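Read from first to last, the chains carry the letters A, B and C; within each, the first residue is number 1.
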Amino acid sequence: MKMSLSYDLFRPYSLSTTYPLAGDGACSGNGPESVELPLAMPSPSLSRSGKLAGVAIVLLLVFVFIGPLVWQQDPSRQWLSQISMGPSASNSARLVDNDSLWQPRGEVQTAVVHSANTEFVRLQWPAVEGVHAYQVFRNFAEQSGLGIPLAVSRVAYYQDELQLAETRYRYTVKAEGSDKVLAEWEVTPEPAMSRFEAQLQGLPEQSGRVILPAHPLGTDALGRDILARLMAGGRTSLMVGLIAPCLFIAFGCLYGALAGIAGGWLDNVAMRVVDFVIALPFLLFMILLRVAFGIGPGEDGVFPLILAMVMMSWTGSARLIRGQVLSLSQQPYVEAARLAGMGRLQIIVRHMLPNVLPMILVSFSFAVPSAIFTEAFLSFIGLGVAPPSTSWGAQCNDGIKTLLSHPQQMLLPAAMISIAVLAFNTLGDALRDAGDSRLRELS
Amino acid sequence: MWTFAFKRLLSGAVTIWFIATATFFAMHAVPGDPLTRDKAMSPAVRAQLEQRYGLDKPLVTQYRLFLGNMLKGDFGISFTQENRRVNDIIREHFPVSAMLGITALLIAFIGAVAAGSIAAQFRGQWPDRLLMMAVVAAISVPGFVIAAVAQLLIVQLNNRLGQPLIPVAGWGGFSHLWVPALVLGLGTMAYLSRLMRASMLEVTNSEYILAARAKGAYGWRLFWSHQLRNALLPVVTELGPAIAALTTGGFVVELIFAIPGLGRYFVQAVQQLDYTVIMGTTVFYGAFLVIMVVAVDIAYGLIDPRIRYSRGR
Amino acid sequence: MNLLNVENLQVEIGRGPNSVKAVRGVSFSLAEGEFRALVGESGSGKSITGLSLLDLLPSKSVRRADRFQLENLALPNQHHGQWRKLRGNRLAMIFQNPMTALDPTQKVGWQIAEPLCIHRGLSRRQAWQRAIELMERLAITDAEKRAHRYPFEFSGGMLQRVMIAMAIACEPQILIADEPTTALDVGVQQEVLGLLNELRESRGTAILFITHDLGVVAKIADSVSVMYAGQVVEQGPVETFFTGSTTKELHPYSKALLAAVPDLSGGKPLQGIAGQPPDLRRPPSGCGFAARCSQRMEICDQAPELFHDANGDHRCWRWHEAFQTYLSQQGQVRGAQHD
């Protein structure tokens, strides 16, 4: 039986299924007699927004492919000392020796800060008679209140090693069970790095200091440079977004063309297969296929992702091309070519290709954002690329964990996805509008 | 009409069968025995599963067993949550997802109809430009980003107010529902708005609207009885895909807002490779979506007399 | 007394330098029971003239007129709220293509009943009853059943009857019919024309019949207005139009139109009119037809006014010249008689 359900759109939305926006020529007839008015011919060149989108796409490609040549940080290098940092310039840090068992020598008469750097802040205060335990609080200096309780200490000193940044902190010490403030400091830790990490990263030491690289966009929750990661992630996202559509459109075209040329029962069977695949809910089966293909050891998961996408997405262009082949083969000029003794392949190349090519171009430019979206969705739910490879979607997945404290870790890759999708969608719109009316029907 | 509905239902049933089959073979394409992957499974559960799914038997037998179970509506037992039936998981968590999805769909549909109508009414003027810019933005931003940003904004709002005005996550009354539903519906709303605007423009420029105006119809009467009904038709046909988008979009929204819906369990099962849950839920979702599309198709037939009559007779 | 008086109607569609001057001076009147044909090529502004009578012009358009009067009522300004009470009530319109001019999702009965609900304040049930009566009057058989049907279930001729029923539901004084027969078969055309004719005879409805079919005009119209490039170039009673008026001289465009009517006897070859009508975004300053006119004179670079004689109006220098000659001849004759 014929499967006539229309599931073409069990897939992420794109602008492709809708009409052009305001201001273009598609519905310029505003009045009843508009047919009698001279209508402006649609300009054959790209609209301004289309050109802008093209520039944006070129910039994105330059960013992800040329960018790493300029910005040579390793995107998967982790900096223990620089976790979730904001933007920072290149600076030098003092090498320090971490010692979590630090103890001061002797007692003090007044509250003292022994050292304050981003690895540790060492505090000591005069012991108070009759106090069993001291409560130590830390807050940002500009905020009121005690802030987070760091510890309950039985001794009159404390070493704070908890995610210190180069901002001004206020420490407060109180006796447990009392509101009396025993000591209070305002401290700005100086940049520092543990000798251990410096050795691990292989940083050269220069008179007790090391030079830390700049992080123009800060670092993520594992201390990796976000800028470098955006470039690396974009490479994956855009590659999936460009290669997958190339493959499935190529496959679909071939399939559709063959079915259309073969005709008869072969065509019938081929189109039933298309109906079946179209009937599958797209994202659901993308998930399923990704699970089924799995990721082997040492693989980054890009290939199974593209494979799954090709398996689910080729049907649209297959239908398109088959329809075109069928309708074109009825055209008088093709008929004439056949009568003139042209071979099948010759007819196809000579007559059908120029007719079909613009359509393929438009559907390609709409398939790209859709593929980028799909990759992002799958990566976001943890089915995308495997570390150490990364993609914008995977970075969003990483970033969501620290969303509330460091939103930029999620928002930056999210913005990249949005810009890419917007650019490709706009370009697709512009291409379609620049084409002839047949392309508009394609939408 | 009835023939039309019957045909639709029949092709829907075939589609569901196909989805089940595809799911089965996709899961059996997983390299190796799906059971060997999970080392933590207790021998008792393992034995039970092997017996139940006939994993030692040939593929055809397994397939028959699987189809039989699906027909009975029995999706098996979870691999990772011992002794929890997939049916129970679906029964318990799907209503939450459905509640979220229906609310999102309502928001999306009503919002899109309103926004599309307004944009068409003010075509080329600032309300139109503003709305269409918002639409392009909403379509270009992935759903999970919208959800995350919404959550971030709620936290900041609550911090600013000093009291939790809107719950950040979780599930409960209406207060837990509306933000995730809005977030979920936003992309669909944007998409449908564009469609609604285009269709409204087409209707407004049509000759029958001119004729209706020539009769003296104007304002709301014209809008309700002539423009809206005709403009809605193409939007209604898109409701099937819209439901599909809301269902899969629900996965991430439930994840981010910690809503105990089926989507979240599905994603968790996928991450933990809980095969029975993945298979059961996929077939369930597939069937659900197919039924929704069939329902939308039939509903469309009810709205558009041309389809109702031409296909029914 | 005339029902409708229109003097020097001007319509400009769109704004700025590229606006289309679609109507550039149209004057005519309609008496009770008059059947006036408005003839012209497509793009000559005849449909726009019709639409402006119902204030249904496109939103970005400007309408001006020296006189725009329905009986004693000066027709309101553009987009004025008063139009809502006039449209479909005292003035009604029949559209060219009934297939596209009826709402595809509404029952035919309701579409006929709608103006009654709007203007007569009838309840839906009363209006429905009236709609069925109207359908019966227009010879739609099985009206009660058919009222429940949708437009796509009707044939074109049937739908045009529905359109007419819809238009005359409130018994308008003036009916504007915009090429109502163009989209129909010849047989059905005759029926529709018969219906319209009966309407004006039984109720005295004045009909402005927009068409490019001169055959129809000859058969049924009382008076003719010929439009070209947004202007009335010639108008008068139908008898004199076909024979030529006092001077036996016609506007060259009218002549060309008459020559373009296919002659079924096969006596003479079919003649088209060479050339294109002027671009109405930049209308010519002189006579609009001059560029295509075979009898062009030097003076034609100046805009001719609408000259009058006893039988109608003519916007043509050539006609004016002929008329002057005729007058002087008459004068000589009269002078000779005086002698």
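Heads up, the rule we're going with is that a contact is a pair of C-beta atoms (placed from the backbone, for glycine too) under 8 Å apart; a residue touches a chain by one contact, two chains touch by 3 or more.
Just so we're clear, the structure is a prediction, and the values are computed from it rather than from any experiment.
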Next item on the list: Would you mind checking which pair of chains has the most C-beta pairs in contact?
Entry: A-B
Check: Which chain would you call central, comparing Cα centres to the global Cα centre?
Finding: B
Checklist line | chain A and chain C, separation of their C-alpha mean positions in angstrom | finding: 63
Note to self: How many angstrom lie between the centres of chain A and chain B, each centre taken as the mean Cα position?
What the structure shows: 24
Next item on the list: Provide the C-alpha centroid distance between chain B and chain C, rounded to the nearest whole angstrom.
Entry: 54
Next item on the list: Could you list which residues of chain A touch at least two other chains?
Entry: 30-32, 34
Checklist line | Overlap residues in chain B, where contacts from two or more other chains coincide | finding: 207, 210
Notebook entry, point to check: In chain C, which residues are in touch with two or more of the other chains?
Noted result: 56
Item checked: Sites on chain C touched by chain B in the complex -> 54, 56, 84-89, 92-93, 95, 97, 100-106, 114-115, 118-119, 150, 152-153, 163, 166-167
Margin query: Show me the residue ranges of chain B that touch chain C in the complex, using the header's touch definition.
Written below: 206-208, 210-218, 221, 225-226, 229-230, 233, 303-306, 309-310
Notebook entry, point to check: Can you name the residues of chain A that touch chain B in the complex?
Noted result: 1-10, 12-15, 17-19, 21-23, 27, 29-32, 34, 276, 279-285, 287-289, 291-294, 369, 373, 376-377, 380-383, 393, 396, 400, 403-404, 407, 410-411, 414, 417-419, 421-422, 425-426
Notebook entry, point to check: Mind pulling up the chain B residues that touch chain A in the complex?
Noted result: 7-8, 10-12, 14-15, 18-19, 22-23, 26-27, 29-31, 119, 123-124, 128-129, 132, 136-137, 139-145, 148-149, 151-152, 155, 187-188, 190-191, 194-195, 197-198, 201-202, 205, 207, 210, 237-238, 240-241, 244-245, 247-248, 251-252, 255-256, 267, 270-271, 273, 278, 282, 285-286, 289-290, 293-294, 297
